[in-house]
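Input: structures, listed below.
In what follows, chain A forms one complex with chain B and a second complex with chain C.
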Partner chain A sequence: MGALELFLPEATILLGAIVAFLLSVVGVRYRITWMCSMVMAALAGVTTAMHLGAHGQPFFPGIYTVDALSQLLKLGIVGGLFMTLLASGKLGSVRSNVRVDVPIYLMVSALGMMMLVSATELLTLYVSLELSAYGLYILAALHTMRRQGGEAAAKYILFGAASSAVTLYGISLVYGGTGSTYLSAIAATSSPLELVGLVLALAGVLFKLAVFPFHAWAPDTYEGSPHQSATFIGTASKVAAVGVLARLIFLALPNKDELATVLLILCIASMTVGNLAAIVQRDIKRLLAYSTVAHAGYILIGLLCFSKLGVAAALFYVLIYVPIAFGPFLVVCVLGADGSNPTRASLAGLYHRSPLLALTLMVGIFGLAGIPPTAGFAGKWFLFTAAIEGQHFWLVVIAAVNVTISIYYYLSIIKDAYLTPSDDDSAIRLSPASAVAACMSIAMVLVAGFYPRPLWELAEQAAKVLAGG
Partner chain B sequence: MSDYTQLLIYVALGVVFGFAALVVPMLLSPRYKGEKTEQTYECGVDTIGSAWVRFGIAFYLFALIFVAFEVDILYLFPVALVFSEAAFGWRAFIEVAIFLVILSLAIVYAWRKGVMRWTR
Partner chain C sequence: MTIHMWLLFALALFCMGLYATLVRRNLIAILIGIELMLNAASINFMAFNKFVASDPVVGQIIVLFIIGLAAAEVAIALSIVLAVYREHANIDVSDLEELKG
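The block that comes next holds the complex of A and B.
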């Protein structure tokens, strides 16, 4: 296959970003830019799906690899982008003079993420990481409330810059220890210096994934950034982070016990801190932020097993996490269309005001909690199976306790939406795009829950790239 | 275990080097304190007036756009050096042109969004 054909999904998104840019410069209405961006994102989705089985190296050898792992994750990223765009019809929480620019930043950031999961050379990886981050930094700063938006963006960019610095230092140590920045060459050698460098280099990725010691930005950034930005940060960027995390940790395969211990501590801390902190939140976006921290912990369970089963489980989990987490975020986008942040109290009576929205919320929350007919249950099942097979019995016990804690606050959200009566019984009118997004999210979560096999097989094939067999 | 000893030595050397870079100049460097030491900018031109003057915020945006121009020029110097050589064909010219167009988009964007309008 030719270089361009392998690069087609990224090229489509790049073209979409350029189109959105030109439309913004020409000065057309936001609605037109929005529709063009959705068409481009849908096209990118189709090309990605067509290139699921592609493999090869489109550019300089060894730097940029297209394989089963990268293609599957690109599908998740483009899916997250498309669904975020669907929810972006009315950008009530974004300042009116910059609304037309939102699709540009979404697309550029998605391009960076897609390059990130394909990068197999440390500097390419770092540049892609920054490309995906810059778009998100800007997106976080566009809230109508300038003060809060500024706080959100400042916290995000300062934490991001600090973790980038640690990542770069780690990369320099890896280069010092191995004499190469190519992942294939690094994987062939092993030294303690390389291991220390890798652990430091993971900082940038763990920051994106909001794993425990790098999670402090998440609640404030989610709270103060526009709803659609938070949606994108909370779904698509996690997919990219898990992909690159999987690639990086498998470099340390000879020293896997040491790295597994580090990841084990981060994993337990993330789950516990995320779930305990989420209980007391009143703002839905803050609650979702802490729930993201907890879910980053669950995903680490799969990765620290260092087995094919474990990686496949982590990939499966993060891919279904996109439609699952999208449900509650969509509810936030619709309820907060006037720019305000929905709280637990503003969910009251949601069932009477908009049954479809309430159902989206319920399916999404059930997915996050891991209640059976949803894909969240299948995902947790695979993760815990992998952990038991990897002899991490106590980890599963801790994770199960955490899931139980999380069910408390997840179910109280459902209670607010379905059982708490409200004075305001005015019906919420869903725009067609939001209704489509809601149905897509419900359908994906339920289908992947009832019939997880096709996605699981794709995840297994992707895991083979790293874990062999 | 010897591998980890190496790492320990590396870390120890790193700490020692960090302190050495502070301690050695402290011991060796000449001490001098004069009129210019206290100035805001100790080198270059003499400071005129106070730093607490008010100026238009528009200058700040213009400075940012200037950076976009300047980056163009910085990358054009190496191109200018080889421009007359035979190996510099149409392909290279088009590549440079694409590069310039992408960089110029920053200026086009700022222009269209009204940064060039002088409002005070």
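The block that comes next holds the complex of A and C.
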């Protein structure tokens, strides 16, 4: 296949960003920019799906690799972008004069994420990491409530810039320890300096994934940023982070026991801190932020096994996490269409006000809690199977306790939406795009739950790239 | 100078930057700390490039990229700091406490 053909999904998103930028310069209405962006994102989705089995190196041999792993993750990223755009029809939480800029930053950031999962050279990896982050920093600052928006963005960029600086210092040590910046050459050598560098280099990625102790920004940023920004940060960016995390930790395969211990501690701390902190939250976005921290911990279970099964389970989990987490975020986008942040109390009577929205919330929350027949159950099943195969029995016990804790607050959200009566019985009108997004999220979560095999096989193929055999 | 001198110098710079990021309460001071950490990484790259690496241009190219990326990052960070200043009339981190659970 030609270079352009392999690069087609990224090229489509890049073109979409340029088109959105030109439209914003010309000064057309937001609705038109929005529709054009959705068309481009849909096109990118189709090209990614068509190139799912592609492999090769479109340009600069060794630097940019298209393989089963990168293509599967790109599908998740483009899916997250498309669904976020579907929910962006009315940007009530974004200041009206900058609404037209939102699709540009969404697309540039998605482009960075797509390049990130294909990067197989340290400089490319770092540049893509930064490219994907810059758009998100700006997206976090656009809230109508300027005070909160500025605070959210300031915390996000300070944590982000500091952790990416630590990453860069780590990368410099890896370069010094191995004398090369190509991941293939680094994987072939092993030195103490390289291991120290790799652990430092993980900082930036763990920050993106919001793993404890790099999670402090997440609740504040989710709460203070526009709902759509939080949706994108909470879905697509996790996919990219897991992809690059998997690539990086497999560089340390000769020293995997040391790295696995570090990841094990972070994993247990993330699950426990995330779930315990989520219980007391009233603001839905804050609650979702802490639930993201907990889910980052679950994903680490798969990665720290250093096995094909474990990586496949982590990839499967993060891919289904996109539609699962999107459901509750969509409810936030619709309920907070006036720019306010929905709380637990504002969910009351949701079942009577909009049955479809309540169903979206229920399927999404059941997915997060891992209740069958949603995809969340299948994902947790695979993760725990991989952990048991990797002799991590205690980890599975701790994770199971955490899942039980999380079911408490997840189900109390369902109770608010379905059983708590409310004074306000006015029906919520869903826009067609939001209704489509809601149906897509429900369908994906249920189909992947009843019939996980196709996605699991794709995840296994992708895992073969790293773990072999 | 030997490579150890350069690496120790970079390490000291990195620790100073990390210290500033963690303890300073002023947003600009934190940004300066982050810049120090980036510069420490750059010095590391140049030192490894001179004394260790087989291909002597890689480190230099990376440093050029770091300079560009750091400038872009600071541009975004300063604009956000300015937005914070307009609302709060100061840039002290302790004042950023409206978002709480």
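One rule holds for everything that comes next: the second predicted complex is superposed on the first by the 469 of 469 C-alpha atoms of A that agree within 3 Å, B and C clash if a C-alpha of one lies under 4 Å from a C-alpha of the other, contacts with A are read in each partner's own complex, and residues count from 1 in each chain.
Throughout what follows, a contact is a pair of C-beta atoms (placed from the backbone, for glycine too) under 8 Å apart; a residue touches a chain by one contact, two chains touch by 3 or more.
Nothing here was measured: the structure is a model prediction, and the numbers come from that model.
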Partner contacting more residues of chain A (chain B vs chain C): C
Touching partner for A:Gly224 - first (chain B), second (chain C), both, neither: second
Which superposed partner A:Leu430 touches (first chain B, second chain C, both, neither): neither
Chain B versus chain C as contact partner of A:Ser191, first or second or both or neither: first
Touching partner for A:Ala11 - first (chain B), second (chain C), both, neither: neither
First (chain B), second (chain C), both or neither touched by A:Ala49: neither
Touched partner set for A:Lys155, first chain B, second chain C, both or neither: second
Partner chain(s) touched by A:Val280 [first = chain B, second = chain C, both, neither]: second
Interfacial residue positions of chain A with respect to chain B in the complex: 21, 24-27, 191-193, 196
Touching residues (chain side chain C, partner chain A) in the complex: 7, 10, 14, 17-18, 21, 27, 30-31, 33-34, 37-38, 40-42, 44-45, 47-48, 52-54, 58-59, 61-62, 65-66, 69, 72-73, 76-77, 80-81, 83-84, 86-88, 96, 98-99, 101
Residues of chain B that touch chain A when the two form their complex: 3-4, 6-7, 10, 105, 108-109, 112
Residues of chain A that touch chain C when the two form their complex: 123, 126-127, 130, 134, 137-138, 141, 146-155, 157-158, 161-162, 164-166, 168-169, 171-173, 175-176, 179-181, 219-220, 223-224, 277, 280-283, 286
